[in-house]
Structure formats: structure tokens, C-alpha cells
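Structure incoming, see below.
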């Protein structure tokens, strides 16, 4: 079993009727549903307004892969919880950052850059092209898939060059975007995936669900190791200076 | 001209006689000397105990490449100065981080990881192997060069995989280290270079000087651009959804 | 001075009236013209139908950067000349491969993959986005530039992931393409640049010229070294097994 | 099940007594033995002197991951078999290249470089350091492991920078080596692993076996797809130029 925790800011769904119609129980509930169907994935959820945002030491200790969706309240996430998640990622926990999570504190801290990008919210057509067809995260997809209406995210996306670029997106209005990016940081694997604006039913789309399922399996750690890396080292016996 | 600012913590040299013998005017003075001889490099220096650590807005605005040496007082560098340097790197300023600067706040912030490593200070022999012989930073070097006595830094070095690995070091006591690492972050180029423990005369060695001179030229920005990356984007005229 | 040799297949211009109108002296002549104006670049040209395709040992020995344009006659390039160019690239010579050169023998040999891609020739609009704004090859460009009419090249582009991805192109018909890719192979630097279909005046466009000039300076070797890498190595004196 | 084919040149073991003592049934037999014990791996073997070197279309069609050991007879491997293996790798088959296989035709063809390196055969101590502790190929290993006696392979190793560098080796005589390198080529995953000189019992060592088992699972393709990448593409309906 892969133990997944889905973190959702969970504000838009409560405050905005249009969003609530699409995601009446929250984006996290929809993601939880399709993950559970896989059989080899166990799921819990956590949201901003829970104590410690639902991300206690205990929860993280039982999490192999954390999925993150946030947008309008990144600044409300406490620095101590961010630090806790950060240490857990460096120790080996997988992290999947969705859509507007590009500006989440945890993602910016791990990337070391602004994570800024271009954007436009008119609900235009997007095409997600598979760049690395042999990558496990692309398993089961064709050459590309389309999202009928999506918020545009465009380059320059101010992140470090990904260790592996899996998807590239085309937007009808004239932009391109590195929409599926893999990173290794410490002992943890990170996947950023662009689709998922809250005003469109993107997470109901089978291809998007396929990608997230694949990413969960890819990001699952072989092990999580809290040993510090920093250490004093003894030399070989033969060393005599 | 490349405008270089050399930042040195400048504490060991004032507090430790053995270090003061090797670097009577400070490590920064020795680095400044050999850079000035190049002719196309102008140099200023800055140290921890100057106001704003010598890194005012004005100084950074006139700096193309910043060289950083620090060790025992990383925590004394103010967060506001770190943020200022950070923004300047993302805008395009080059950054060369030397030796124990691996734990400097600015380096950790840009890397997004702990930057921990193994270490041992017995003054053993190190060999610096050139992995990318065609890289500008390796220009003028042979297949390898030796440092007769150096502090050992060993793997696992907890940094993101470098965009380009230029040097790999061998240590007599049994360790290896990715000792010359290039990174692009935002519009800025970063080079980490391992040699340079304060108790050995490493910065007097011609090969080490060659590398630092080469790195200065490599890290020099084409331009420095403070425009934010984040922006709203207008679509092509033809977009009608 | 950077010593550039421009290699052009030079068949379309002689056989096709429409192409001849755009490039009456050949594509190589137009590229030679704008490179010469830079002042620090010396230029010679070579074409398929010259003896040894114009790429003799002597010519290569005096070439720092080779630019390659070919399309319909890749198979006519002799394997011995390909081998000669290949050895020179591994020794340090820069190589800039343009447009349909993606299928040139020399590019496929250096990449180790099929270098296949999608294509469509209807003369649609292309936008070339700058992904790495701080890269020397992007110097002097804005966030993107447009090519009013260009042949579409689209992903999956079957090349190794580039060491640095500088440009990403958007095509109006729905595709994206990694259109500016840097590679280090041996001691040589390689840049692939997508624009340049023979039926459109792409090489007259200032932004395209800017990129090629920048790429020439970037690909210029620090030195060219024919020493073999393979060698027997003597151990440290202390090694006694 | 992962279907593995182990290819061994199988000459040293037949011609050299010292090697025959260590590997009486051939290196391939020892590798087959420990792979079979895993339970989820099925194994067949193939050698140079079999018809078509044992690598017929049928065998490759039933191979998920091919392991390659060769040394003194690389030139005897027929180009048509190399081409067949090459096409299968680009289509998705995993490839694990061991030790002196660095000079195998198939590896050089996929890398696009000389794959030259330094070497010395005095049976010195090697230490294999884990650089990426979170990588699946490093699963179950500590910070490093030692090989008591091994042939030295040293940098400059003339390969493209790996997509992921998993292991770095230290040799007592003074060299370092990128000894565990991952590559994606086409739809296939490639892993080069340095240990394994025929005159030392390296493949009996548990850590080495662990790495090869891990690499088999990592290199297993999600699917193998023979579709060509090259194709003509139809535009979006809306494209009217």
C-alpha cells in the first residue's frame, strides 16, 4: 500500500458557489475517490483549517506521498508546518504539487526560486503533450490529451530545470508550459503537475486522474530515513599524513 | 569588465593565529589579489562586521558576480541581507560559493536542501578531477590537480543534482565529492567549489585560482533584469472561447 | 575571432524556384552575411557537392564552430566525413544544427537516438518562448518572439533530454516543441535550433539571427584537444596491494 | 514478472583458468542465479557464439530488460544484432550495461560518445558511494559499500552527463568514477554499473547483487511501443492561415 495524504486549502469550495457546484465535498474528496479505487493506495485528507492544518507529526510519519492543492491562502500556512513537511520530504516522503500549489511555501522552499509564471484565466483549451513516453508517470497515456477549458499557465516558469520533464502543455492563446516536472530533493521525489483550476472539472478527467495515480506510485519512497546527512567521517586505516 | 564583490566572514583570520599566518589580510584579500591581476575583473570586498555586512543595495547593484566565503557565523548573516542577495541572484547576478559556504543561508535558500555533507579535518591529500573537460570553468587545467593538504568533504552532499558537474574530488581517506557544481537559478548562475579550508594555503595554489577566475567569467550575467516573472498575459487575438 | 564553417546541403535553392527566390545564393550565404557583420566571427562555407562535402581535415582543423543545414540528402553525406566531424566535435569543436538537420547523420550519431519528431508544413505561426532567460544564447531577446510562417515541428522529439533547454516553441495548430536544446558531448558543445524551413524567410529575421550569433559564441571551445580519453593510469605511490 | 535476458560474451571464462575458477559456468550463470531467487524475475541467457548471439527477434520480443557483459570481443558483435537491440531499447526495453560493456557497440551507439575512460588492473580497493540515497537503484544499501579488489575505472569517463548519477566510486590508487549512471533514451531506460572485472568475484558480493536486482526493476518498461515517433500531424480545426 502507498499511504497518501491529500492536503487541500479548501476555501474556494466553501466560499464560491461555482466552485462548490463542481467540487461539493472539496477537491480533496474527488482526488481521494479516484485514488481509493486503485486498491493499492490508502488515503487520508487534511485541510488548512484543521489544527496544525491536519499535518501533525503523526500524520506525516504515516504518509508516503503528500498531495498539495492550495491557492489563495498560501501565506496562512504556518512556517512550522512547512518546516515539518520540508524535513519529511528531504527524509524521503514523496510530494505532488498541483496547479496553483506552484506558489505554496513548501514548493518555493524546496525549489529555491520564485516559482512565478504567466497566467490567464479565460478557460481556454489546453493540450498536454507527453515528452517522455517511457516515464512511469506517462504510463497509459497517448501522445497527448486535451483539457477543454483550463486556466493558462505559461513560461517563463521560474523553477530549476526539472530532473525530468514529462509533460509540456500548449495553450490556445499562445503560451507553452513545462506542466509535468520531476525533482529529486534530499531523499524525496517531487512532481509538479499544472492542470487543476478550481473553476473547471479538471480532476474528473480520466487522463488527469491517470497521471496523479502514476505520480503517487512513482513518488513512493523506497524508505524514509531521518538520519542526518551531515556527519564526521573516520578515514581509512592506512591514512597517515 | 566583470564587477566582482568578494564577501568573507573574516573571523578565523582575526581570531586564530595559524589562520592569520596564512591569510594575514583575510582570505578575501588573497582572492582579490589574483582576480585583479586578470585585467578584465574589477574587485571590491565586503565582510560580516561591516554595516549590512557590506552588501548594501548600492553594492549589489554594481556587482556582476558575488563570491562567498563563510564558516562559523552563517547564523549571524541577517535574513534581510540574505533576501537581498537572493533577489539579485534570481535577477541575474552570478554567485560563487566556496568551501564551507555550503552551509551559508544564501546557498541553502537557493538550493532548497540541507546542503549537509561528510567532513574530516586531518589535512589529507585531495585530487580534483576534471569531469567536463570542455567546460569554460575547466579551461587551462589538466586531467586533474592535487591539493596537498585539505579538509575532506564527502558524499552524500545533500544538494540538487547540479545542472553541470565540472569537478569530482578524491580524498586519500576514502571519500569522493562533487566538488565543482554549476546551477542556474532564476536568471543567475551559481558555482559551488569545494577547496579552501582556512588552515591550508589553498587559495595561493595556481589551479585553484584558475578555477575561480574561470568561474567569475562563466557566472557573469549577460544582463541583470529585475522584471518580475509573474505576470498576467493577454491571449492571441484569435482566441474566442 | 571565432572561426565558423557553415555547411549547407544546398539543393533546394538550386532545384526549387520558390526557395531560390528567398535564398538566391543559398541559405549558407545569408547566414554568412549576418555572422560577418558581428566583427568577431570569421566565416567560411561548405556544401554537399564540393569534394569531401567541403569538410576536409584542413577545414575542420581551422573550424571552431560548425553550423549544419541539411534536409533531403542526409543519406548522401559520406560516412567518413561524418566520422571526421564527429571526432572533431568530441575533441571540442562546437556544432550548431538547424531545423531539418535533426535527421542529419552527424546529429543522430551524437544523440544516440532516432531524432524523429512530428511535422506539418502549412506555414503556420510559431512563437519561440525563452525558457532560460539568463542563458547566453537568449541574450538580447524578450520573453518570446514570433515567426509568422514556419513549418511545425512537434513533440515527441526523440532526443536525449537536453543538458539545458533554452527555447520552447508554440505552434498555432496545436503542438509544442523543445526548439532550443544544448548538449555537451565529449569536449564539444552542441546546440539544436528548430527554426529555418527553406520556403520561409526565417533566417532574415533579426531574432533568429541573434540566436545563431549567440550560439556561435556559446559553442566556441575553450580549446580543442585531440588527446584520447582512454588511457592506462599509474597509481599513487602509496598503493601496495 | 520482469523478463530478463543476460547477455555474456563468455570468452574469458572458457579461455582463462583464473577466470574459470571464479565463474565456472560463466558470469551470466552467476547473475542468473541471484536474479532467479527474487521470485518476480524470469531469466534467460544468451552468449556471443550462439546464432545471432542468442539475441533473435523472438528473444528480444520477450525481453523486458537486457543485461550486457562484454570485454574483449565487442567488435565481433554483428552490426545487425546491435541495430536490433538498439531499436528495442528505443521502443522501451531496459538495458543494464556492466563494467567493460562501456565499450560495447550498443552502449556507444546509444551514448553517442567514445565511452573511453582511464583504467588500471592491479586489484585495488574500491568504495562505491551512494550519491542519490532516495533512488530505487540504491534501495537497501548503506552510505557506501566496498569492493576489496577491483579493476580501477577512472574519469574522464567520456559519456553524456547522466540523467541521474546514483553511484560514485573511489579507488585507492587515486581516481574517482561515475560508477552508476541512469539514462533515458527513446522509451527505454539504461543503467551503466562499473563493478565486475572478470578476475575478481565481484558478482558474488551481496551489495553488487542488490544493485543489479534494483536496476532490473527500475529499468522494466511500463510498456514497449514500436510505433515510430516520426509522423505527419493534422492541425487543430481552427487553423486557417
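Letters A, B, C and D mark the chains as written, and numbering starts fresh at 1 in each.
The rule is simple: a residue touches a chain if its C-beta (ideal position, glycine included) is under 8 Å from a C-beta of that chain, and two chains touch if they have at least 3 such contacts.
Computed from a prediction, not measured in an experiment: that's the story for all the values here.
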| item | value |
| --- | --- |
| Number of hops, subunit A to subunit C, where each hop joins two touching chains | 1 |
| Chain whose mean Cα position lies farthest from subunit C | A |
| Euclidean distance of C-alpha centroids - subunit A vs subunit B, Å | 31 |
| Mean-CA-position distance for subunit D and subunit B (Å) | 36 |
| Multi-chain contact residues (two or more partners), subunit A | 132-133, 154, 156-157, 161, 163-164, 174-175, 184, 186 |
| Touching residues (chain side subunit B, partner subunit D) in the complex | 127, 129-133, 143, 154-157, 161, 164-165, 168-171, 174-176, 178, 238 |
| Contact set on subunit B toward subunit A in their complex | 90, 109-114, 116-120, 122-125, 149, 152, 154, 156, 158, 160-161, 163, 172-175, 183-186, 228-236, 239, 241 |
| Touching residues on subunit D, where the partner in the complex is subunit A | 92, 132-136, 138-140, 163-164, 184, 186-189, 221-223, 225 |
